[in-house]
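Labels run A, B, C, D and E following the written order; every chain starts at residue 1.
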Amino acid sequence: MELVLPQIDWAPFAPLIPVAIGGLTTLVTDLFLPPGRKYLIAILSLMAIAASILISIGLWGPILGSDLEMVRYGIHDAVVLDRFSLFFYLVLGLVSMLTILLSMGHLDTAAADQGEYYSLVLFSTLGMMLMAAGGDLIVIFLGLETFSLALYTLAGFWRTDLRSNESALKYLLLGAFASAFFLYGIALIYGATGTTMLRQIAAFLADGHPPAPLFMIGGGLLLVGFGFKIASVPFHMWAPDVYEGAPTSVTAFMIAGTKAAAFAAFLRVFLLALPALHVQWSMAIWVLAVLTMTVGNLVALVQDNIKRMLAYSSIAHAGYLLVALVAGGSSGVASILFYLVAYALMNLGAFAVIIALQGNEQERLLLTDYAGLGWQRPVLAACMAIFMFSLAGIPPTAGFMGKLYIFSAALEGHYLGLAVIGVLNSVISVYFYLRVIVIMYMSEAASPRPLVPASVAAVLAVVMSVLGTLHLGLFPAGLLDLARQSIAAVAG
Amino acid sequence: MPEGTFLVLMVAKIAVVFGLMLLSVAYMTWLERKILSDIQVRLGPMRVGPHGLLQPIADGLKLLFKEEIVPQAADRTLYLLAPVLALVPAFISFAVIPFGDRIRLFGQSIDLVIADVNIGLLYVFGVASLGIYGIVLGGWASNNKYALLGGLRASAQMISYELSLSLSVVGVVMLSQSLSLVQIVDAQARVWFIVLQPIGFIIFLICAVAEINRAPFDLPEAETELVAGFHVEYSSMKFAMYFMAEYANMITVSAMATTLFLGGWRGPWLPPVVWFLIKLYLFIFLFIWLRGTLPRFRYDQLMRFGWKVLLPIALVNIMVTAVFVALR
Amino acid sequence: MSQAGGPILSTLIVLPLLGVLLLTIVDGAREGLIKRLALAVSGLDLLLSLIVYVRFDPAQAGMQFVERASWIPSIGSSYFLGVDGISLPLLLLTTFLTPIAILASFSGIASRVKAYMICMLLLLSGMIGVFVALDLVLFYVFWEGMLIPMYFLIGVWGGPRRIYATLKFVLFTMAGSVLMLLAMIALAFLHQESTGQLTFDLLELIGGSISYGTQLWLFAAFGLAFAIKVPMFPFHTWLPDAHVEAPTAGSVLLAGVLLKMGTYGFLRFALPLFPEAAVAFTPLISALAVIGILYGALVAMVQDDLKRLIAYSSVSHLGFVMLGIFAMNVQAVEGSILQMVNHGLSTGALFLLIGMIYERRHTRMIEEFGGLSRTLPRFALCFLVVTMSSIGLPGLNGFVGEFLILTGTFRVHKGFAVIATLGVILAAVYMLWMWQRVMWGKSRRAENLTLNDIGCREMAILVPIILLILWIGLNPNPLLRRMDASVIHLLDGMRIAATSEVQIPPSPPFVKGGWGDLVRSAN
Amino acid sequence: MLFSYLPIFILILLVAGFALATLFVSHALGPRRPTQAKLAPYECGIDPVGSARERFSVKFYLVAMLFIIFDIEIVFLYPWAVILSSLRLFGLIEMIVFLGILLIGLLYVWRRGGLEWTT
Amino acid sequence: MTATVPLSAYLILSAVLFVIGVIGVLIRRNVLVIFMAIELMLNAVNLTFVAFSRFLHSMDGQIIVLFVMAVAAAEVAVGLAIIIALHRNKESLNVDEINLLKG
């Protein structure tokens, strides 16, 4: 048998490697560190992420050159290096970095095993990055599973807490269930086209092969799989329970990271491999978008646990992102990229505030627990208020700019109805976001909450997020340009 | 070769091998008792036939006529099925092992192997590990504390040692570049793999003993701790089936050790089949000898040995071998 | 940069923000310092805006003090500021009322002074931004962003039902404005389709060729947002709640400035962008305006809470403004702009006065008072002047505005003008009746007899407003002259844009001159 | 391909038939005189205490989990081993990375006490 | 002797297995059984891959199956760990009783 060894281009893997090594190193280092020095593990993982970010930045200009549509491939199509991948490497790096920062205050004495935690965060980041950069459906699946498996474990990280257990179990069962659909979709597409590489699928379809029924069903199953991962209605039922039960820092990571990774892959598959199904997909996603926004916002109205409220809010935000996906075009795609960054910043920021307020004490997550906080902890509360305004889409915040782009993309694509439903939804959402502020500033605490000294790292995460949120709200042009450059290779 | 002839030959081969296996199993019980008694300086079975030679037949008949007991609390279906599940894999895993060179008989060229499949090695491992279901299900279905614990111990032990077992032969695969047992034997034409893979061989041997639950790894049926382990509730032919499975497994692992490390049927002067049988029985003797000599492990020692000693050594062995193979 | 030596408009916006930064680092316990700092910053802003007023060139119709910088090039939005005769009066109104509101809060706000002052300064910045932004996205950012400080002002320092009121205020405003946002985006894309250039520049977008049918939709979206803010008749329900619950300064700015954003929006955006649709909507809007005038007046009449009464009177007064705007001739429109300022001054002053009495008696119920003119003579005098201004007594500012509006409207919609006149009479009825019940007669409560009259600080708050009321009433021309060119430009632009099927009424010859000329020209 | 498995299928049928037949014969020939004591679970002659289906040491699960992971790694080793001679250095490096990660996993489990049977 | 089994037979079989798995997940209440049903779904997909691989004369499908198996194994390991953790804190494996988080 003649063996042809694959040509390997290492550049596409370069940003992944520090994360992988970091994941392994933290795991091992933890074993040999004395108890007093466990904080070094968090530092180590931050360094790994920083290295990955630096490499990504380095790849952006010098390696990819000035041609925006420049693409390089790893082993075959397994991992694609283009600006789209790099953008998501950076976003995920940011998410991961903020997660680590806000975890540092959360974990100290929570009887948690530091090494495992940070290692799992890094592996999960690795999976997300792989998913975002995968040029082959199987690699995307592997990325998805890598981060999902790590997240299942992280969700159940508080082993003695029944709610955490339950969260992990539900996430696992429904996540694995969804993965099976996703995989079946891949299998059918493989059967219909003879390949799982996105480029070759596109080439196959462009070759004049009409999409066979098998292919259509496969595409539909992929949609179901993605729908689960981004928590779009009607595939959202896992999200609130999982987000509520998981440790707060993990919830933050899941909400921000999963969505970015899933949308990255979603976009790549949608734009690169399945343009043939554009009409059918658009119709389906139109419906999903409307359902997702509406259900997410309406149910969020009646929540009184802040994590659960943010969970439903994240569902609603998936709906806005789907609006942009339907809108398509370079504006639509760019607006998704922009929105994902804004979304990550404001969500991570909000969770960082929650963590900074509760430290590692027993979780106090009812909205009523926040009564009077505006005056007890003015700075943190002000930051929380900014995140809430941003989530509600009120200027001058990142959330507003994100929505502006999304809805202008929808109008550009002549989806007026969708845009109208979207903005009306965002008005509904104002109510429950402002409720948090009402409680913080406008109601008195029945029993004043004991002050927990906020951890420096969590506060750092809050500050970074606030600055980011405001910066994007005031000067969005830079990131938007970056997003537009990033999609050149994907959306053409 | 005409299809009819082929079929006849095939069925004949199967029948002969199966018959011989049954016979061997029966007489290995006698052999074991004899050797053990020699080791312990006593006579062993002497009454039935000369030197007790008919003892196995008497035992068989006795078991056949024994009362069949199905405990009240047992899961009846599984309880009946479990011994079959133990027996079948034990007997069919031999199918891919070549027991001699190609011979000519009645003008036909005959491979002395029931089936030469290209993944023979995987087949043996796959089928042999099915046997664990017979044991664990039997232990569970009996609904007896000793049986359950015996079944669990058996499964934990077997899966622990199966890792090192599988890893120990990776070196052989690297050297022979094939998973077919026939080709692995062919690859040893010049030098037996025991020479190139001594560590692999030792690990294989240790794991093999553990896999078939023989002393000193016979914890699942340790009389002193668990009465009789997983088959405490079994009687009559169902009990016999577990017994037969154990001895058939002994034959299989001995044959595997022969094939993988001792050049299979290869050897000077004597006919190949004879060489094969000699080597095979050498191992069987070794197993019996071990039983007569070594005390039983404690369970934690056993698990620690498997995970902390054998597994790392096996992994290192693979790496070292790989370096040689890749850079050769 | 037309005349000024520096980016004066940006400075106006940024200065309060710098003040906010300064306040954040001041220790919250040093309330006196915080109050004085906030006052100083807003006073500085007032001085700056006076420079704008002085340097403003009345002869120029276009935008002055223009600042333009690249902001979000990829969607065609830029940082674009400017002032013309329409926005100048409102800009001045804003910078004038804010220091007064801050000063008025010195005694009314007892808790969380630092946060309060931060909100006031943020609000100031936002309000200025709304009036000077000439880019649609930028305008929207200020328009919505300004909600945040107002939300806190009502929600934190407001009355007992403040949470309900503040949420209602925000949700109503948001509900209208998000559709406006969509309309803005749609407008930009339509403009791009016809010209190939994506822009949110207001001046570029004016005069674009948008089909009549589309104009109707877009106008409706813009109109809804502005109408809620004004508030026009069916959308007014948030206003009484917000006013009643807001702290004094909040009410002052809400009535004085925020409501004007709606009417300003119509003038600045809805009319010039969609002239044909504006004409088509005129009957509807005029009718609603008249209904608002009468409804507001009638409802005000039966209120027993002073603040609620003033709140409903605002509905009525802003009905006049809307009526004037949609008369679309120079008198009426200038009258409307002037009336915006007038309403800001008189209603602001009324809220301040009510705040002062509330600080003394902790009630606003009319029935609680009576005979105050004896115990509080200075207070009563100020109240009288302001009430008269609100009614429209000749010689005071209210008269000029209403007179111009009514005469202007009379030319084009006689019926509406006549009915609206009824509103003037009703206004006199409810205001005077209220004044009578509060100031004259027997005191119904013993506490009323021992109240202290207003002191120096409070006089310092009221006197500037009263002076301005008198000044505008006696000599409105400096303000009107600055509006002329821009208003004529606006109406001409609409006339050019309109096709033959819709008619913008021709302007009558406009006579420049003193107060007498003004009256003559109206006849 | 499939054809070479035919003998195995025949053998399976044969062995299974033999096993079932034996069961049946012993069932037919053996006597049946059940008594209560005979049918009770055997616990060294005393009355059984409690159910046999109670919880057992969590260590068994741990072993099962570790086994699954390592076993699957071995699945990857076999195809690699077969063609290592052709893969040369490339294959060697790939697998050293792979096994290195596996070893780190083993080390982790070891240090964490996952391999201790006694606690 | 090598009768060819048509591709459709494999596909229908795997589809049926997949659907059985789906139904198992949806109607069974025991966590372990649900878990097994999910594994059944994955293996049904594996069957599809192998069938297509054979039909298309492409090795990809079979290699993918290896990946899927590894993933499934990892899923099992993680799943078992989670189930054990849950079982230690709450002695039930019935999903209807695992409802601390309101659904």
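We adopt the following convention: a contact is a pair of C-beta atoms (placed from the backbone, for glycine too) under 8 Å apart; a residue touches a chain by one contact, two chains touch by 3 or more.
Since the structure is predicted, the reported quantities are computational estimates derived from the model, not experimental observations.
Any chain that touches chain B and also touches chain D would be listed here, but there is none. Between chain C and chain E, the least number of touching-chain steps is 2. Ranked by C-beta contact pairs, the top pair of chains is B-D. Ranked by how close its mean Cα position lies to the mean of all protein Cα atoms, the top chain is A. Taking the mean Cα position of each chain as its centre, C sits at the greatest distance from chain B. With centres defined by CA atoms alone, the chain at the far end from chain D is C. Centre-to-centre, using mean CA coordinates, chain D is 20 Å away from chain E. Centroids built from CA atoms put chain D at 82 Å from chain C. One simple way to say how far apart two chains are is to compare their mean CA positions; for chain A and chain D this gives 40 Å. Per-chain Cα centroids separate chain A from chain B by 53 Å.
The set of chain E residues touching two or more other chains comprises 74, 81.
For chain C, the set of residues that touch two or more other chains is empty. The set of chain B residues touching two or more other chains is empty.
Chains touching one another form the pairs A-C, A-D, A-E, B-D, D-E.
Across the interface of their complex, chain E is touched by residues 138, 141-142, 145, 149, 152-153, 156, 159-163, 165-170, 172-173, 176-177, 179-180, 183-184, 186-188, 190-191, 194-196, 237, 240-241, 244-245 of chain A. Partner chain A is touched in their complex by these residues of chain D: 83, 86-87, 90, 101, 104, 107-108, 111-112. Put simply, chain A touches chain D in their complex at residues 1, 3, 5, 24, 27-28, 31-32.
Residue ranges on chain A touching chain C, taken from their complex, read 374-375, 378, 389, 394-396, 400, 404-405, 407-408, 411-412, 416, 419-420, 423-424, 426-427, 430-431, 434, 437-438, 441-443, 475-477, 480-481, 484. Interface residues of chain E, counted against chain D in their complex, comprise 1-2, 66, 69-70, 73-74, 76-77, 80-81, 84, 88.
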